[in-house]
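Order as written gives the chain letters A, B and C; numbering starts at 1 within each chain.
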Amino acid sequence: MNSTIHHAPYIRHTESSRTIMSDAAIALVPLYFMSYFYYGSRVLLVGGVSILTCLICDWICGYLLQRKLNLRDLSAAVTGIIISMMVPPAVPLYVVVAADLFAILVCKAPFGGTGKNLFNPAAGGLAFATICWSNQMFLYTQPLQRLPMQLDETVTYLQGPTATLKLGGIPRLGLTELLLGNFPGPLGSTFTLIILACLIYLIARRAIKWYLPVSFLIPVAMIAAYNHPFGVSPLESVANELFAGSLLFVAVYMLTDPATTPKYNISRILYGICAGILTMVFRYISPLEMSAVFAILLMNALAPAFDCFCEWLLPKMQPVNNETALDEGGNQQ
Amino acid sequence: MIYLTEFFSAFLTAVMMENLLFTRAIDIPNLYKKRSFQQTLIVGALLTGIVTVSSIPAYFLNGLFKSHAAFVPYMTLSFLLLNGAVFLGFYFGIRRFLPKLFSLMEKFLPFYGVNCVTLGTLLIAARLSSGTKFLSFFGYCFGSGVGFTIALLIMWSIRQKMSLSHTPKTFRGLPITLIYLGIVSLALFGLIGNQLPA
Amino acid sequence: MNLTFVRKYNRFLRKTDGIFTHNPLLVLGLALPLAVIPSYGMTAMVAVSAAMLICFVPTVFIASIIGKRVSSPWRVILYPLISCLLLILSRSVVQRISVLIFDTLGVYFSLICVNSLLMYSVEQVLPKKPLDALAFALRQWVGASLVAFLCAVIRELLATGSLWGITVLKDVPRLPVAQMALGGFILLGFLAAFCRLVHRIVLTLTLRAGAAQNENDLADKERSETQK
């Protein structure tokens, strides 16, 4: 009788880090299509350079750390896509490469590589690029104008609505413009309709939990509605704050990174709420236009504290059940 | 109302924008020692207490020194003596009124009394342009202590996660601590933009 | 790699304890404010090193002479006080380095008198003899200064392309973040990791040399037994 020996594990889950990463990558690719429609093929150059730099750097670091090359690990590609989405389409390529290198070499590799990072590498890389080249990171171009592959004098740089919001002004953009991302902005993080569709896909695939982006966006909306400028209705203020920048993109792709979020449901909700409040605090105090990225970095540092708080809180919520069980089986004492 | 605004603006500046550890890189001895949550809070409370209590006489000393320009080099000496006196008051007070806490911390208590944080806060607050108003000075000193406590809590929190994962041997311990201090410092730089603190 | 070389290397490490082993900045993590912020440029670093030499080394020497005669809470006030008095003396020396040095250093010059390296060293030299303590303090100072100088050179070159105000690299792109606190932290972290890597490589080679020596000894022993 022939019986083939199978090796462990015998219980296989359909989900693995590869499927989660490929879900995130699938949810990010439609944004490239929209961006190509608006800005031309330079978008693909920036995206390609970013993805390749991240992948090669990650493979080299993985080889140095584990002494073997793991070419199937494509999580760095997601980092590269996210970084390329949040930079302006007319950004010089060295800025993107520097952000990628910082993301992998400083935020990911020293902590142990994939899955062991404490901070979101994309957030770290973007924060680094914003601090180093704060002029080039906020010079956008008008959409629906083809950008040349090599940047030259024909490219006119504009300020985005986030700069107007930072100065206390009111960007008069209609809801259609905001939802379609038809204003000067980053390469791919302002296309609200597509991001919402990708959010539904990710929730349906159970790659992310629905309450994490929702608990982030609710405090932002409430603070934006409460602090609406004079002459602007609260709803318009909320729409401006949520859709005029990269906030929704950050809430869907960067806040929900599985390696850096807390593990318990209660701590995740608290984490989202605190991240939302911190983002608005950064928006009002900071001179830079990009605030959600810095708030995410700071919240990543505090994520284990939320887990510890939850571990302290959960046993206190349970004794009510334990006491009734002991009364029924009182002889067990 | 104006007084509250002065106090809170100085407090928030000290806590978030000019955080002692992340923006100014001012440390205490035994910064990297493994502490539990309660120990972190006790150390932070001690530092905040000493700095806040020393800020009251320091404000008047500052006024005295600024009015006579020749004595400025001696400002450090006088703040150090003031800090030492306040620390001795705390030391003997804790020994008398909180003997349990004292027995736990006897060996390390002196290091949390006179160190870069306590002296540095007084010196930085004296250099502030708004240091001539008492509530700004007091608010800044109190905020520095609270900000340093928050910095210690962030370090505790990160340490909880790092203890569960497998860091490469080359980076274990001090190197990864310095790297994550740098990354949190990067996050806080988002608040102050490109302005370097003095 | 043979064991004689390994023994000489270990003897060298023992003599330079504080410079290459137990370096105060890279291994013990002390004196963070002096390593991260003032090491943005060479002028500031030279000033801080000079002030440390005048304040730190004599204070540690005096601490070893006084020893345990002063009890714990008073020690923490006495030695920073001595260091502060020496700091006032060192101001005249430091002023010759640059006119604006006190404005650029700001509060960090005054923090030399209470820095964590001083507090640590003062506790360590209590049981030592004065001459040993002096050697210990000098080694710690050399170790800290070497690392801080290296940081200062790298950061100044990356951020401004110049050394001591003289432009050295003209066409290289500048990285202003190197002169901020975060640049200092990350550079120190990577330097510490690099030193640890070098140490681990030397340890591995030492072990291999020991293993090779063991095999040679075993082979010699077998040969001598078969000859008998």
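Here, contacts are C-beta pairs under 8 Å (C-beta built on N, C-alpha and C of every residue); 3 or more make two chains touch, one makes a residue touch a chain.
From a predicted model like this one, the values you see are computed outputs, not experimental measurements.
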Topology of the chain contact graph, where touching chains are joined (line, ring, star, complete, other): complete
Best-connected chain pair, where connection means C-beta pairs in contact: B-C
Centre-most chain [mean C-alpha coordinates]: B
From chain C, the most remote chain by mean C-alpha position: A
For chain A paired with chain C, centre-to-centre distance based on mean C-alpha positions, whole Å: 40
Separation of mean Cα positions, chain C and chain B [Å, integer]: 24
Approximate Å spacing (C-alpha centroids) for the pair chain A, chain B: 33
In chain B, residues with contacts to at least two other chains: 171, 175-176, 179, 182-183, 186, 189, 194
Contacts with two or more other chains, residues of chain C listed in rising order: 176, 180, 182, 186, 189, 193
Interface hub residues of chain A, defined as touching at least two other chains: 106, 110, 128, 131
Parts of chain C lying in touch with chain A, wherever the complex brings them together: 173, 175-177, 180, 182, 186, 189, 193
In the complex with chain A, residue positions of chain B that touch it: 16-17, 37, 153-154, 156-158, 160-162, 165-168, 171, 175-176, 179-180, 182-184, 186-194
Chain A residues within the chain C interface of the complex: 94, 106, 110, 128, 131-132
Residues of chain C that touch chain B when the two form their complex: 26-30, 32-33, 35-37, 72-73, 75-77, 80-81, 84-85, 87-88, 91, 106-107, 110-111, 113-116, 119-120, 176, 179-186, 188-190, 192-193, 196-197, 200
Chain A - residues contacting chain B, complex: 65, 106-107, 110-112, 116, 118-119, 124, 127-128, 130-131, 134, 282, 285-288, 290-291, 293-295, 297-298, 301-305, 307-308
